[in-house]
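Structures are listed in the sections that come next.
Same chain, two partners: chain A is paired with chain B first, then with chain C.
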Partner chain A sequence: MISISILLLIIIPLVVAFLIPLLDLYNKLLRRYLVIIGGVIEISISIYIIISYFSDLKAGKFFLTYYLGGWGPPFGINLVMDSVSLIFSSLISFALFFIIIYSIGFIGHHEGKYYVLFFLILGAMQGAILTGDMFNLYVFIELLTVTSAPLVAFKRNKHATEAAIKYMFYGVIGGLFFFVGVILLYFNIGSLNMAQLAQHFAEIENNMQLTIISIFLIGLLIKIGIFPFHFWLPKAHSACPSSLSALLSGVLLKVYLYIFIRLFWIVIGFEFLLEFNIASFLVYLALVSSLFGHVFALQASDIKRMLAFSSIGHIGMILAVFLLNTETGFYGGLLHIISHLLMKTGLFLSTGYLLQYTKSNHIDDFAGVGHQNKGIFVGFILLTLSMIGMPPFIGFFSKWYIIMAFLKIQHHFGAIVVVLGSLSAVFYYLRFIAKGYEKIKLSASDLKNEIYNRPILSVFYREKLVTTVIYIFVGMIILTGFSFRLFELPLQEGIKELINPQNYINLILGG
Partner chain B sequence: MLHHLVFTVLFLLGLYTVIYKNNLIKMVIGLNIMEIAVFFWVIAVSDTGKSVPIYHLNKFAASFNDPVPQALTLTGIIIGASTTALLLTFIIELNKFADTIDSNKLEGLNE
Partner chain C sequence: MLPAVTDNNLVQIMIITGILVTLLTIIYAWKKLKKNKIYFVMLTIIYLVSFIIVIGTDKWIVFLGGWEFVTLTTSLMFAWDDWKLVKQYFLIQFAGSSILLYAVLVIINNGYAEVGIINSTFLQNILIVGLATKSALFGFHFWLPAIYANSSGLVNAISSGWVVKLGYIILLKVIIPEQGNALLFYAGILMLIYGGVKALLEVKLKVLMAYSTLSQLGLIAIGIGSGTVYGYYGAVLHIIIHALTKTGFFINLDDIINKSGTQNIYELAARFNYSLFKIITIFGFSFSLSGVVFLAGFNSKYLIKNSLPGPLLLIIFYLGGLLTFLYTLRLLYWLFIFQGKQKAFLLRLNNYKINFSIDLFINIPILLIILLLGNYPDLLNYWLPALDSFSFPLGSGIGETILYLLVAYLILEKLNWVRTKEKEYLEIDVLFNKIEVLLNKIGKASLKFDTEKIVEHYFLRGIYKLSGKTHDFIYRSFSDQLSWIPLFLALLLAWRYLV
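What follows is the complex of A and B.
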């Protein structure tokens, strides 16, 4: 079905991004209303799509498309939204709306520039998810790198700038590999449309198939941050302002995971990974990466660095369970993507607020934070409980399905890694919770001096707002924990699509 | 065959520069050499010795070179230029804070 609403999902953030500097010329106070309006429009488009096409979703034929410039495939660029993209796209709108609300007042200096880059990232993320054209995908990936790097360097100190340089080097090399992969696909097939590429990939000769697959793998593994290429991730995710850490670690990594899924299950086809025996190797690589992430999180003494390493652990786990290529695996993986997005975003947001009470991100400075702001610290604890995998929260159910997926095909190493990861998570989160409840003596004037001497944070009047945002994330993990069947419909449809990519090709090319 | 060879040599030279040089600006130059190698290779491979595309004296599509790789390369060059500019900006900024652009002396880049 042709619908312009999916184009609006990309256009609205871009329009807002370029309106912000214009509005700043007129009146800087209006900017806050503009960004909230932008977020509200974005989330209402997502809700509109879900409501108005709900019957299609129920009937199992949810499929939206839009031809840019009226040129149908295979000639023009087409935007596609199916069940998998629906999950990712609406989750992104949801999470980013709350990050925008959280950011108001959080960023002290250069707020306008922050929002311009923020909305460009939002547009690029939606674009990378919705596009049906390979080269367009490459452009959106590069746009994500170029817009997120200045935000990594946003604090303008030595540490942040180093992180941004490292991020850029890895990002550019990853993007270059992706570019070579796209070009090789074009030379061998003569099209850039994903459906057409999927149709003709089997006709390429074997060596070339292997080359294309390995080039894409290197590019995407750098972007996702899997073990041998993960060096940029902890530094970049801990150096930036916390609202941005939530965006990078909570949301952006899932976009790259989505691209991985889209590429290797729909465009290239998973049977080629099996044919060249890459799949089983990749499962072990992802599991080792997961183990590494959790082990390094154990020894990290900087809280944001610890959260970033824990992201490496979880992302490796999700990738491994996807690569099993079973139905339970897809279910567990998609569910864990949803749960990790909610948990990690909430955790970084609450950490960002709590860190205002401390001198640095170091664990020793974290002492006594729990007494300073009880409400947010309790939210922080609930989110970590979900991260560990305690029953009433969604973290438990998604991990349960992941372990089930590993056990179903007798992959014991995977199940052990998941359990070990959860166990080590208990230790590394508990360290911070215990530290937070330590009693320390700090007079009110000490506190005041400490806080008002810091340039970037200026936030105490937002306490209610931040508490609300964090408790919305806590509420979401409890709600989805009790009723994770809420996502059953799009998840099942998405799994069907991943198992049978021919369906996608037929829908686009009208075969 | 020659352009494959030139591509390989240039690409590896760039990769060597990125990995083994300590000066950050030289590393960016290495990154650029890698990019240029890829762009050169795309253009060279897509030139099959046929005529200029969409040239009205040519009546048959089969006698055109494929213009699409050139368009893709153009986009790639623009992206490469913007990433290079951004990286150099960061390096200037870092030089202000750390007073060096030697990656060995910047512990933050190696941890």
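What follows is the complex of A and C.
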């Protein structure tokens, strides 16, 4: 079914990004209204798509396309939304809407630049998810890197600049590998349309197939932050403002996961990973990466760095469970993507609030925050409980299905890694929770420091906005925990598409 | 042969007991707690609902979810004592939950989609290992004395009285009564003897009670693992009786400890002015747990004894029984009788004061129940069918009790009522101390331990240091980090030739 709404999902954020500087020339105060309107329109389009095509989704026929300029494949660029991309696209619209609201209360300076880059990221994310063209995908990936790197350096200190350079460096290398992969695909198949590539990939010569797969793998593993390519991630995710950490760790990593899934299940086909014996190797790599993520999180004394390491742990786990290529694996993986998005975004946002006046994100600065901000700290604890997999939060159910997926195929190592991961998570979260409830006595110099570190602009004059967003995320992890079956329909449809990629090819190319 | 207890009946009787026990603790909590008592009560109610869900459900996911809630709520109850205990207890219990989660998922993947009878001994054993930490099974019981020593009797009453039984109730649902489980059976025997010996030598009141709990849990494990319906009946009955008496015990002891300001059993007698009713209550609870005739404990122990297969095991069981009498009599002696002169006990009997909230609402109901169940076991006939058809031999029971008391008295007299030195550290501390001494030889300074230091210093810091070292090993220079990329590409390209 052709629908312009999927194009709007990409266009609206890009338009907002370009309008912000223009509006700033007229009146800077209007900027905030514009970003809220942009966010509302974006989330409304997602809701509109879900409501108007719900019957198609129920019947297992949900598939939206849009041909740019009216040119169909193989000549033109097409946008595609199937059940998998619906899940990811809606999640992004939802999460980013709330991060925007949070940012209004949180970002106190250079707001104009911040929102321009923020909306460019939103547009690029939607584009990367919805495009049906490989080169277009590459462009969006590069756009993501180029727009997010300045935001990593947003704090303009040595630490942030260093992190941004490293982030940029890795991002460009990853993008370069992806680009080489796209070129190789084009020279071997003669098309950039994903469906056509999927149809003809099997015809490529064997060694070339392996080369293409390896190059794409390196590119994407760098982007996802899998060991041994994760070195950029903790630095980048901890250096930027919390709203952006939430975006990078909570949302952007999932976009790259989506690209990984799209590429290796739909375009290339999972059977080739099996043929070259790479699949099982990747499972172990992802699991080792997950283990390292949790181990590193244990030693991290900077809370945001700890959360970033924890993300490495969770993303590794999700990737591994996907690579099992089983129905339960997909279910657990997709559910954990949803849960991790909610939990990690919430955690970063609450951390940003809790550490509003402190010098750094060090654990020592965390002392006593539980007494100062009782409600938010309880929210923080609930989010961490969900992260370690306590019921009734959604984290428990996704962990359940992930372990189940490993055990169903007797992959005990995988299951043990997941269990150890959540066990080590108890240790590293409890460390911070205990610190948060420490009673502190401030010395005169501490007080001086604290006062000097208060932002010159009263950042939290819109405090209610910030706290409300955090509470919404806390509420969501509880609500989705009780009703995770609500996701059953899109998840099951998504799984069907991953199991049967031929369906995608047929719907695009006909046949 | 007694007919088996149906799943429904088991759940019903356990829920009734659970509600009763929780009600007793709520009464005591309301009296004892000075601040935030309403939160404690709310927490207790959430805990009770979760408990009921755990034993009532046939869905594994709900079962585990409910249990995590039990863990969370009971952990939070320690907050009224010390936040550090919350942390320690939660860490231990969550570690147990993780093993349990793993065990349950293995069971599900072997075709047992619902909580119920598991035919495979292997899977039963996996579940037992999964439950081990939470149910303080032998070898995994290390946390029980360590945590109990530092927490208040109120939380101990909830934990020892009911929470720790949860695993055994689940095992009752899972293990076939006629088949039993050898692992559980022998673990039970070890717990019975080990717990008994440790309780006999202990000086700290709450630690003594913790070991007594371990010993009594051993009895329950023997009953379930024995593979006879008698054992099964005995286990069910003993869970109920132990839950009631241990809850009452801990509540009363907490009252005594709070008022006397010591946990040392040798000092308690001189510091606390016992009322006659308090003495009767503690005697009643102690004797019921020991299995004195006419009290409920006798019936459950008699049933469990009947389930034992050979004479050797019977002898071991009698030895376990004797140990129970030994540590009970010793405790009573030091609590009530000894005060430097033997007359002290008689002097105490003229204090007729009654503590309304504890004596009236907690002690009298429990005493009544253990007396009623001791003399009219058929009261439970609805849930444990045909219990009345089984005659408990009162004659030999009286003889046995007298013999036990006599032998125990003689041994204790001979051993001077086992006056041991108060250990500065618990056994877990001693173990860590030994490791430390060993490490000292390599060249480090000596450190003294308490439970806090074990968790904080050795366990947690050890983990953090190890992870730090791993981090430093992998995080080297930027060029080293980048060199992974070509290396990895080469590896991927060559992968199919390598495997």
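Quick note on the criterion: the second predicted complex is superposed on the first by the 493 of 511 C-alpha atoms of A that agree within 3 Å, B and C clash if a C-alpha of one lies under 4 Å from a C-alpha of the other, contacts with A are read in each partner's own complex, and residues count from 1 in each chain.
Here, a contact is a pair of C-beta atoms (placed from the backbone, for glycine too) under 8 Å apart; a residue touches a chain by one contact, two chains touch by 3 or more.
Keep in mind it's a predicted model, so treat the numbers as computed, not measured.
> Touch check for A:166: first (chain B), second (chain C), both, or neither?
both
> Of the two partner chains, chain B (first) and chain C (second), which one does A:57 touch, if any: first, second, both, or neither?
Touch partners of A:57: none, neither chain B nor chain C.
> For A:211, using the defined touch cut-off, is the partner it touches chain B, chain C, both, or neither? Pick first, second, both or neither.
second
> Is it chain B or chain C that touches the larger share of residues in chain A?
For chain A, the partner with the higher number of touched residues is C.
> Where does A:19 make contact in the superposed view: on chain B (first), on chain C (second), on both, or on neither?
Touch status of A:19: no partner.
> Determine, under the contact definition given at the top, whether A:228 touches first (chain B), second (chain C), both, or neither.
Second partner only.
> Look at A:7 in the shared chain and tell me whether it touches chain B only, chain C only, both, or neither; answer first, second, both or neither.
After superposing on A, A:7 lies clear of both chain B and chain C.
> Between chain B and chain C, whom does A:478 touch in the aligned arrangement: first, second, both, or neither?
So A:478 meets neither chain B nor chain C here.
> Could you look at A:391 and tell me whether it touches chain B, chain C, both or neither (first, second, both, neither)?
After superposing on A, A:391 lies in contact with chain C but is clear of chain B.
> Taking the two structures together, which residues of chain A meet both chain B and chain C?
166, 173
> Would you tell me which residues of chain B are touching chain A in their complex?
Touch list, chain B to chain A: 18, 24, 27, 31, 34-35, 38, 42, 45-46, 68-69, 72, 75-76, 79, 82-83, 86-87, 90-91, 93-94, 97-98, 106, 108-109, 111.
> Name, in rising order, each residue of chain A that touches chain C in their complex.
Residue positions touching the partner: 166, 173, 210-211, 213-215, 217-218, 221-222, 227-229, 231, 276-278, 281, 292, 295-299, 385, 388-392, 396-397, 399-400, 403-404, 407-408, 415-416, 419-420, 422-424, 426-427, 430-431, 434, 437.
> Which of the residues in chain A end up touching chain B in this complex?
Of all residues in chain A, those touching chain B are 135, 139, 142, 145-146, 149-150, 153, 156-159, 161-166, 168-169, 171-173, 175-176, 179-180, 182-183, 186-187, 192, 235.
> Show me the residue ranges of chain C that touch chain A in the complex, using the header's touch definition.
It is residues 61, 64-66, 68-69, 72, 83-84, 87, 90-91, 94-95, 98-99, 101-102, 105-106, 108-109, 460, 463-468, 470-471, 474-475, 478, 481-482, 484-485, 488-489, 492-493, 495-496, 499 of chain C that touch chain A.
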